[in-house]
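Right after this note come the structures.
After this come two complexes, each holding subunit A, first together with subunit B and then together with subunit C.
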Partner chain A sequence: MTLAIEIEDYSWQYLNTPKPALNHINLQVEEGTFLGVIGPNGSGKTSLAYSIDGLIPGQYNGIKHGQVKVFGKEVEAYDRGQLQRIVGVVFSDPEAQFTAMTVEDELVFGMENLGMSIPEIRERLEWVTELTGVGHLLLKPPYEISGGQKQRVALAAVLAMTPQVLILDEPTSMLDPVSRRRVFDVLARLKSEQRNTIIVIEHSLENLVPLASRMLMLSDGELTLEGETREFFQNMDLLVAQGIHPPGAMRFYYELKKSGQYPGSLPITLPEASQELKGLVARTRQP
Partner chain B sequence: MTDNQSFIQVKNLFFTYPDGTKALEEINLSVTVGEFIALIGQNGSGKTTLSKCLNGLYKPTSGNVIVDGLNSRTTPIVQMVRRVGYVFQNPDHQLFNNNCWDEIAYGPRNIQLSEEEVKIRVEEATQVVGLPQIYFEEHPFFLSKGLRQRVAIASILALRPQVIIVDEPTTGQDARQSFEIMDFLKDLNEQHGHTIMIITHDMPIVAQYARRVIAMGQGKILADGPTGEVFAHPEVLERTFLEPPQITQLAQGAMELGFQPGTLTVEEMLRQFEALH
Partner chain C sequence: MNKTLLGYVPTRSPIYAIHPFVKLFFMLIVSLFPMFVAAPEWNMALMLAILLLMWISRVDVRTLRIYVPVAISMGSIIVISYIIMGGNHPEFQLITRFLGIKIYWERIRDAVVVYFRILPMIFTMVFFLTTSRERDLIVAMRSVRVPFVVTYVFAMALRSAGMVIEDFQIVRQAEQARGFDTTGKSLGYRIRKYVMYMIPLFALSLRRAEEFTNALVARGYAFTGEASRVKRADYVLTHYSFKYYDAIFTALIGLTFIVLLILRYGFGYFSIERSWLLNWLKDVLT
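Let's turn to the complex of A and B:
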C-alpha cells in the first residue's frame, strides 16, 4: 500500500484572519483512492486542496503547523514545479486557470511546460479532447465559450498532464445534468483504467456517491467525519446537522429510519434504493 | 390561460445571433402575474437568450414579445427593464460600483428617478433582500457570494419589475445557502406578488419550488406545464437531456407498488409510503 497523501496534525491560518482555515487535520489517502470531500462553503475544502498542491503555503501568506506530505515527501521539499506535475487541480472558477488565446493552446500549454515531445502532445491532445468532448472548441478563445464548456476545457487541460493526484474543486457547478454525468463518466474511466488518486470537492452528491470509495466532511476547518462511503453515510444525523443535503432516495430512507419504519443500513445509490423499496413495501403489506 | 390575463406574451419568436447561430425557434408562451416558473434545459439550449428577449435586451429576429401590453421591438429598454428584471448567473458580471448602495441605486438613477425616489427604492430593496445597513458602504467584492447575490437581486428589485428572472440562483452555493436563496425568492413570489422565473440545472430545487416548468432544447420549447406533470414524463425530459430528481425516479421505478410518477419531494414520497399501510 502506497500513501499518496499524508496529513499530520496540520493547521493553516491565512494572514490577518481571526481563526485557522484548517485546524488540526489528520488524514491519510492511499494511492488509487477516489475521495469525495463535502462541507458547507467556508469550511476549508478549497484550502485543503491548495495545501495538497503546494499553493499553500507557496502562494499565500499565513501560519502553518504540522505536515502535508505527497508520496512521502513534504510539499515544501519539492523543487519548484515538480509537485505540480504530480498533483493537478481543476479550479471551481475555470477562468482562473486560463492563459491562452485558443482552447487548443490552453490544452497544449501545460504539456509543453512539462517538456513533452510533439508526438506525445498530439496523442494526448487527441485523447483528452475525445474524453471530455471539447474537440469542436479547439480553435475558439477560452473566454468566448460557455461556463459549462469552460469547465470541461479546464478539466481537459489538467488531464492532459495526467497527474497522479487529481483534485477537482466543484468541477460541475455550471453544468447541466447530462454534461455533469459526462464529467463523472470521465472520472469513472480514470478510476477504472488508471491508478490515479482522485479527490473531488462537490455539493451535488448524486453523481459523486456511486464513484467515491471514501468520503470526508469538513466543518469550520475541522475534519468532522471520514470513512468508507457506505459507513460514512450511516452517520446521517451528523451530516444533516452540518447542513449537508443528501440525495432524495437516501433522505427518504433516513426519514423512514428515524420514524422506525426502516431497520437496515441506508442505501446510497438509486438502484440500491429501488431494490430495497420492493422488499420494504412487501414487508409492510404482510398481515 | 387567456390572452388578456397574461403579463408576458411571446408569439412565434425566432432569434438568430449576428454570426448566424439560431438560438431560438418558434417560441410561443405566456406568463401570468404570480407564477413561479423554472426554465430548464441543457447548456446552450437557449434559456439565457430567451430571458434576454423577455427583458428587451435582445430584439426578436422575427415574432413578437409583448410585456404588459408593450412590444419589445418598439419599447425603449428603460421601459422594459422596469417590468422584467434579469439577475445574472454570476453576480460579479453585474456588480461594478464601489459600494453596495451605489450599486443598488444605479438602476433607479439610470431611469432618471429623483434622488429622493432613488433613496426610497434602495431602502425598500435592501429591506426586502435583508441586506444589513453595515454593508451599504462596503465594496460588493468584499461580501460573500450569497450576499453579493442579494445585492445583485436588490439592484434589480430597485427597478420594481413585476417579473424577476434569476439565472442559476444556486450555482456554487451549499445546500443551506441554496435553500436560503430559494426561500427568499418564494417570499418575493408569495408575499410581494412578484412573478419569478428561475433558470437552473438543479432538479430537486425545481421540484420543490417551481409550480410550472418550461423545458427547452435546441432553441425550442419541448415541454411546458405543471412541474409534476412535466417530471412525470421522463421520455419528454430525455429529449431535453435532463432527468427528474432522484426521488421522482425512485417513485417512477416503483409505480407497480402504487407510487405516483409525478412525485416531487421526499415528503410526498413518505406520505405515499404511509398510505400503503
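Let's turn to the complex of A and C:
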C-alpha cells in the first residue's frame, strides 16, 4: 500500500510563541485511509492540517524540525502551488475561504488554477454539484447562502480539484445537526465511491466514528493516541481524561464495562451498540 | 428577483439578453455625454431616456427614491457655491440683491448647467448598477482581455467592501453588548470614541487577509513559479456570447457619441446660447 503521508519526528513552533504547536509527531497514513483527528482546542490539529498542505511553513513564520512527506516527497520540495493540487483543505470557517462572487465561480476557481479545459471543468462541475447538492445555488453569491450550504460549497470547491488527499478542518463546527449530517453524507459517498485519502478534524464524534478507519488524538501538540478506530476507542479512560466525549452509546457500554456488566469490546456505531444490547438482553433472559 | 449591485431586477428581464460588455460600454460612454452638452433640456432628455431604459429593463424605478436626498444635497451645494457664494462680478448681469448678496444671472445659469450635467451621469451609473451583478462587471472586463489578476483584484475589492461593513456591524454589536454604545451621544463624542471600533476592525481585517491568502494558496493559486504560468480557461465567459444585436448596440452607442461630438463642435448644438430652456429662464428672471 502506498503511503500518502509520512511525518517523521516533526515539530513546529510559531514565531514568538513559548512552546511548539506540534512536538515530535510521527505518523504514517496509507492511501485511501479515512483518518479522524480529535483533540482539545489548541492541541495542534489545525497546525497539523496546515503542515500537510504546505501552508506551514509556506505562509507562516516559525521553526520546523523533522519531515512531512506527501506521496514520498517533502512538502517544501514541491513547487509553489503544486502541493495544493494533491492536498485539498476545507477550513472550519467556510466564509473565510470563498474567493469568488458566485457559487459557480467559486467551484471553478480551483479548476481554472489547475489549467483544466472547459469541457473538463464542465464535467467535474456537474459531478461535484450532484455529489454535494449545491446545483441550485450556482448563481448565488457564496456569502448569502446558509451556513450548511456554505460548508458544502467550500467542500465542493475543494473536491472539484479532485485532490488525492482531502483534509477537512472542523467542517461542521458552525453547523446545525441536519447540516452536519449532510456534510458527512457527502463524505460517506466520497469514501465509498472514490479512493481519496480523507483526514477529518472534528469534535463531533457521532458522525465521524462510523466513517473513520483510523483515529488520532492530539494533545498539547503531541500525538497521544493513534490506531484503528475500534482499537482506538477501547482506551476510553485516556480519551475521557483528555476531555473527549465519545458518542453516547459508546459511553454507555464503557460504564457497563467499568461496572463489570459488559465483558466485550466497546461498540463504535449505533447499529453495533443496538446489536450488542440485543445479545446482552438475550443472555440475561437465559435461565 | 435577481440581486444586482444596487438592488433587484426580476428574474425575467430583457436586460439579461444584453452582453455585460455592452452595459459597461454604455455606462462609460453615455456618462460622458453630459460633459459635451451644456443645454439642460438635452441632459433632461437623456435622463428620461435612461428612465425609459430602466422601465424596459423592469428595474423597480422606486429605487431612485433613495437618491432624492443626494440630488437635493448636491443641488444645495451647487446653489450655495455658485449663486450665494459666487463672488462679486461687475461684468455679470445683476438680477437682484438678497440679504446683501448679489444674485447674477450668469451664476444661476452655470448652476443649472452643472446640476443637469451631474444628474444624468448619476442616472447612467445607477442604471448600470441596478441592472448588473458583480459577475457582469468581471465578465465585461474579461471579455475585453483585461488580465485575470486585475479583474480578480477588482472583484475582491467589491467583496471586501461588503465584508468590512459586516465586520463593523459585528464589532459594534459586540461592544454594545458590553455596554459601549455611542447611540444618542454628541457627534464630538462619537468621533472621539470611533477609535474603539477602528482598532478591532483593523485586527479583524488582518485576520481576514490571512485567511484569504490561505484560501488562495490552498486552492492552487500561485503568484510566482510554475503554477502561476498555467493557462487559465475562463469558464464563466462560456455562459455569455456576444450576439449580433450586442454588436449593433455597441456600434449605436459609439456612433451616437461621435454624432454628438460633431454636432457640438461642428455645428454648435447643445451650447448654452442655443438652449431654449436657459433663454426662457433668463427672460423670466431678468
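Heads up, the rule we're going with is that the second predicted complex is superposed on the first by the 283 of 287 C-alpha atoms of A that agree within 3 Å, B and C clash if a C-alpha of one lies under 4 Å from a C-alpha of the other, contacts with A are read in each partner's own complex, and residues count from 1 in each chain.
Note that contacts are C-beta pairs under 8 Å (C-beta built on N, C-alpha and C of every residue); 3 or more make two chains touch, one makes a residue touch a chain.
Worth saying up front: this structure is predicted, and the values here are computed from it rather than measured.
*Asks:* Classify the contacts of A:251 with the two partner chains as first (subunit B alone), second (subunit C alone), both, or neither.
*Replies:* A:251: touches subunit B, not subunit C.
*Asks:* By the touch definition at the top of the document, which applies to A:148: first (subunit B), second (subunit C), both, or neither?
*Replies:* A:148: touches subunit B, not subunit C.
*Asks:* A:118 contacts which: subunit B (first), subunit C (second), both, neither?
*Replies:* After superposition on chain A, A:118 lies in contact with subunit C alone.
*Asks:* Touching A:99 in the superposition: subunit B (first), subunit C (second), both, neither?
*Replies:* Touch partner of A:99: subunit C, not subunit B.
*Asks:* Once the structures are superposed on A, label A:175 by its partner contacts, choosing first (subunit B), second (subunit C), both or neither.
*Replies:* A:175: touches subunit B, not subunit C.
*Asks:* Does the superposition put A:2 against subunit B (first), subunit C (second), both, or neither?
*Replies:* A:2: touches no partner chain.
*Asks:* Have a look at where A:40 lands relative to subunit B and subunit C in the superposition and call it first, second, both or neither.
*Replies:* The first partner, subunit B, only.
*Asks:* For the complex, which residues does subunit B have touching subunit A?
*Replies:* 41-44, 89, 144-145, 168, 171-179, 201-204, 241-243, 245-250, 253-254, 257-258, 265-266, 269-270, 273, 276-277
*Asks:* Quick one: which bits of subunit A touch subunit C in the complex? Just the residue numbers, please.
*Replies:* Those in contact with subunit C are residues 50, 53-55, 58-59, 79-82, 84-85, 88-89, 91, 93, 96-102, 104-105, 108-118, 121-122, 125, 139, 141, 143-144, 157-158, 161.
*Asks:* Residues of subunit C touching subunit A in their complex?
*Replies:* Per the stated touch rule, the residues are 2-3, 133-135, 138, 155-156, 158-159, 162-163, 208, 210-222, 224-228, 230-236, 238.
*Asks:* Which stretch or stretches of subunit A touch subunit B in the complex?
*Replies:* Where subunit A meets subunit B, its residues are 39-42, 92, 146-149, 170, 173-180, 203-204, 206, 243-245, 247-249, 251-252, 255-256, 261, 270, 273-274, 277-278, 281, 284-285.
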